[in-house]
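Both of the next two complexes hold subunit A, though its partner changes from subunit B to subunit C.
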Partner chain A sequence: MALQLTDTTAPATAAPRRVPGGWTWLVRAPFILYAPAALFLAVFFLVPLGLVVWTSISEPELGLGNYAEFFASTYDLGVLARTFRTALIVTLVSLVFAYPVAYVAARKGGTIGAFLLGVVALSFWTSFLVRTYAWMVIMGARGPVVGLLVALGVEPAPQLLFTTFAATFAMAHMLVPFMVLALYAVMRRIDETHMRAAASLGARPWRAFATVYLPQSLPGVLNGATLVFITCLGFYVTPTLIGSPQDKMIAGRIGQEMEQLLEFGAASATSMILLAAALALFALYDRFFGIERMWR
Partner chain B sequence: MAREAMSLSRPTRRHVVSAVAAGALAMPFVRGARAAEVLYVNTWGGPWEEAARAILFNPFTEATGIEIRTIAPVSFAKLAAQVRTNVYEFDVTTLGVAELGRANQANLIDKYDESKIAPSSLWPGAVTLNGVSSHAFANIIAWRKDKLADGPQTWADFWDTRKYPGPRSLQNYPARVLAFALMADGVEPAKLFPYDLDRAFKSLDRIKKDVRIWWSQSPQSQQLLRDGEVSLIGMWNTSAQVMIDQKLPIALTFNQAVIDVAAWVVARGTPRAKNAWRFIEFAVAPERLAQFALRNNYGPMNPASFKGLSADVVSRMPTSPENLPKAAILDAEKLAPQLAAMAKRFEQWLSS
Partner chain C sequence: MSRSTLILAVLVVVLLTGPMFIVVPMSFSTAPSLEFPPPGYWLGYYRRVFSDPNWTGPIINSFLIGLGTMVLSMLLGVPASFALARYQFRLRAAFRIIVLMPLIVPHIVMALGYYTYFGTLGLVQSMPGVILAHACLSIPVVVLTVTSALANFDRRVEQAAANLGARPLTTFRLVTFPILRPAFLVAALFAFIHSFDETVIAIFISGRDSATLPRQMYNSFQMEADPAISAASSLLLAAVLAVIGTRWAAALVKARSKPIGASS
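The block that comes next holds the complex of A and B.
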């Protein structure tokens, strides 16, 4: 360890650097530096997670009964499948809304960019619950959308609230900020001269965008999509309050197992399955794109 | 001001030091004494807690010196978690009939015996499944008068979408909804329990597509009817009455109401069980319970509570002599063995 340290950090001519005042142990054992963080993670994340795993295999009796029951139940599998399908749709919808915003914010910059990002951040800072209730008002039977449709002569007045459409739309709205910020982080670093070079070589704007800009922005799309997809897997309040009764997602199922059925073991098993599914996605992402790129 | 006050009676350094020392020495005792005399009560929050605070909690503290702190909202899962972890956030809570049955099956609540509350302070039938009956609320049919001139009078009417068109809502709560479904199918209120599950779900199939939303919180049920999202709804008489009192175009009927009873229970294993039972005895005393029920449009379960209430007030209570014969009361003991199967089947039915 110490040898490596001298090799890489000290100038070749200097003698091995001496740490003054008896702090050499810090250099020899750098893990002491990250011990507090590791301890924090262990106490507040690993131990509770271990307890959930333990609950899932020990209640009501020791064994994998809860997992077997989950995978034997077409109902539970259906909820899981619906959760993934909803998350996929929400990801696509939020991408469609977020891409233009991030694009304009990144390329225009200045006041317009700051304004756009400010609006996105405002939404980002408002709680999910508040935004859910706002959507209930907007899509309600006496809300502005239905009012407008009725004024335009749509008969009979459509029902927006408590539909799959409403839930999907509202969830996409809540996750657009994540997508915009992920896209913006990548787009901001795309060199403007590339687009000008493409134009000077005769590419029309659309062609330049498709062959030069879009491919360079794809890492942002992937980051944002992964982030949005995995966040969406755990949505609870929005589908419950705005969606149709058939829209139950897996977090709602976990809540029901805890609150109404008092099946803590089954609820823990369902949570672990959700976690495993999310981890599997991360693993796939890592396999093809490299996880460290997500934070760069 | 402050300077003048100081110069008037200048405390010597010794005074200050000894006062601080005395305070510091006394601290652990003061805090210890206070901690022993606190009771944690799980409440529904909002107007419910305001009423409980004024009528039950504060007078209890005055009478006994035991401070009451509240935790909201009522959470059945938390009750279960407390007993598992031995960490008690609350000592006392109220449970409906179905939860009371489940709580007994899961061994979550303290057993009642006559040493806990003397029978002389209660009335015959006051204790069911280790819970002390407090107040009744009715699951009734309410509707918007601007959408339906004469509203549905029975659950069969509620199920009749041709005669009473419009979107509907029911509570996401099988123990109550299955009773509606059976009555809609012609079962008499007196013969509901235990439920014929197959018949109930067949009946539910007929109404499913017209139930736009299955509400879960009482403010949600109010919002649905107030905003006209639905034209008719199965909801609690207590929250419907609030809107009628606000002169909204809403009406309700106590016909075929399904009455649920809230019972006070003590969390099993809590170190404050003794004071918890003391509080329950205090809370169901006739006059106090009458006042509490009055504030919330509940029906008091203590028969002595009806003395001194005006006829007009009593007519709005689900357990009044006029309303009770039209209703069905959820039977905790007969429902208890069905609850788990019922909950699972309902859940799957709902999302299929």
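The block that comes next holds the complex of A and C.
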């Protein structure tokens, strides 16, 4: 009994030093919690990244020569311009296709919503490689599209595979699910009563959509567009496999400089330019919205 | 909502998924290269995927690397999530940025970095090298999942446990962990998939002996030599379909049973 009494009074005296949950020792050292991850990322993420920075200014000789070469080369500038153009097209196309899907899924809910999201998820979780392979078959010289065109009398059938068009089309197709999920995350929080209020005040469906729903869904559009645009800037696999071998995108150019030309300095400088573009966009996003929201 | 909007949405998702299924007839095709429709059907490519060491090796490697990545990124990412969600510390903002950065840096840039870095460390073309690289990419995934669960965590249940006399570790074992278990499972699964799916870094740093499945698939695209790729693709598609199918079926059953339960 006496023991119980001291037990109940003990926390009262110790209370000021305690945090909720009683992790006293950790308050002084959240260090123990974050240090392993910080150390690991420093050694296996920041150092290799720093190595790319260093290589870009030290290989083959110290200085900014690699950057000067990049910006003096019409080929490399063409690659950069093509990359931005493609990313922009892919972002717009995937937005156009994704918006109605997310809109219906968010507003309808129920079985139709579950069906739409289920199908989007199927596409989302299927490897880029599998989907690239599917487009390789479909657009191939002996594939169904060319077969159909030939049967319709289009001679000679146009080359589809290994063109910038093929890569752009396939990337847009691949990134639609990302866009849908980004849009849906915002749209499902839009209050349904706002639309009903607009309707009861006499707004026609299109007007209600344009003045009430669309503005509220814009944060989702911005999230999705940023995510898709940046993913597209650094896309390697699909453009390399089904894009034009001459008209490379920037990631493919880095791969080429590194694998075929063994010009690590040039590859590093090109990498830094790609990274700068991606980081600038993220920094802009973080400034306005906070970066964690991107993946929520 | 108008009927045409609905039809448009359904049409888009059908166009989104439909083309992927072309890999299924291709996997039974007898054609040695890309040809559609297939000239004949057989099961030879499936047999090859399950017996040819060029395919079985990478499949096993991908599972091992995925599991290694999962364990490593959970061990590092979960404590980091607690630090970020529950504590203020110096350099917290910097730490947050470093944790999230692997999601931002394009994989090709990291592939270039690892290519030279692991060369000097003697880790190039080795399984530990791929695991270390993949763990960097999976840590942010784990942290995003776990911190979001922690943000919705009602800490009063921990205080209650402490008030009832539970020591910190007991509180964690009996209260915190069970509540967060679903989030941990999702985080672990994401970490695994992130590694299993990762292509670009694997292409450049996993050598012949530690080649992953995506690397093997990528190489067979480039060579256009091995049509077994279609069988591998179909299997991956089937795996995703199975997981989504069960989850979706469960959601459907729930949606159906609710109104019935309410009316009775």
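Criterion: the second predicted complex is superposed on the first by the 232 of 296 C-alpha atoms of A that agree within 3 Å, B and C clash if a C-alpha of one lies under 4 Å from a C-alpha of the other, contacts with A are read in each partner's own complex, and residues count from 1 in each chain.
As a convention for this text, contacts are C-beta pairs under 8 Å (C-beta built on N, C-alpha and C of every residue); 3 or more make two chains touch, one makes a residue touch a chain.
Owing to the predicted nature of the structure, the values given are computational and were not obtained by experimental measurement.
S.K.: Given the superposition on chain A, which partner contacts more residues in subunit A: subunit B or subunit C?
M.R.: Here the partner covering more residues of subunit A is C.
S.K.: So in the superposed three-chain picture, is A:114 touching just subunit B, just subunit C, both, or none of them (first/second/both/neither)?
M.R.: second
S.K.: Between subunit B (first) and subunit C (second), which does A:236 come into contact with in this model arrangement: first, second, both, or neither?
M.R.: A:236: touches subunit C, not subunit B.
S.K.: Between subunit B (first) and subunit C (second), which does A:245 come into contact with in this model arrangement: first, second, both, or neither?
M.R.: Touch partner of A:245: subunit B, not subunit C.
S.K.: Would you check which partner chain A:162 touches, where first means subunit B only, second means subunit C only, and both and neither mean what they say?
M.R.: First partner only, subunit B.
S.K.: Looking at A:258, would you say it contacts subunit B, subunit C, both, or neither? Reply first, second, both or neither.
M.R.: A:258 contacts both subunit B and subunit C.
S.K.: Figure out whether A:44 sits in contact with subunit B (first) or subunit C (second), or with both, or with neither.
M.R.: It touches subunit C, and subunit B stays clear.
S.K.: By the touch definition at the top of the document, which applies to A:123: first (subunit B), second (subunit C), both, or neither?
M.R.: A:123 contacts subunit C only, not subunit B.
S.K.: Applying the touch criterion given at the start, work out whether A:222 contacts subunit B, subunit C, both or neither, answering first, second, both or neither.
M.R.: neither
S.K.: A:79 contacts which: subunit B (first), subunit C (second), both, neither?
M.R.: first
S.K.: Under the contact rule defined above, give the subunit A residues that sit at the interface with subunit B and also at the interface with subunit C.
M.R.: 136, 140-142, 241, 258-259, 264.
S.K.: Under the stated contact criterion, what part of subunit A meets subunit B in this complex?
M.R.: Residues 75, 78-79, 136, 140-142, 159, 161-162, 240-241, 244-248, 256, 258-262, 264.
S.K.: Over in the complex, which subunit C residues touch subunit A? Could you list them?
M.R.: 1-2, 5-6, 8-10, 12-14, 16-17, 19-23, 26, 33-37, 75-77, 79-80, 82-84, 86-87, 89, 95, 97-118, 132-133, 135-136, 139, 144, 147-148, 155-156, 158-159, 162-163, 165-168, 171, 176, 193, 197, 199-200, 204, 214, 217-218, 221-222, 229-230, 233, 236-237, 240-241, 243-244, 247-248, 251-252, 255-256
S.K.: Show me the residue ranges of subunit B that touch subunit A in the complex, using the header's touch definition.
M.R.: Counting only subunit B, the residues touching subunit A are 75-77, 80-81, 84, 102, 106, 167, 211-214, 216, 220, 223, 227-229, 340, 343-344, 347-348, 350-352.
S.K.: Which stretch or stretches of subunit A touch subunit C in the complex?
M.R.: Subunit A reaches subunit C through residues 7, 11, 18, 20-27, 30-34, 36-38, 40-42, 44-49, 51-52, 55, 97-98, 100-101, 103-105, 107-108, 110-112, 114-116, 118-123, 125-138, 140-144, 147, 173, 176-177, 205, 230, 233-234, 236-237, 241, 251, 254-255, 258-259, 264, 267-268, 271, 274-275, 278-279, 282, 291-292, 295-296.
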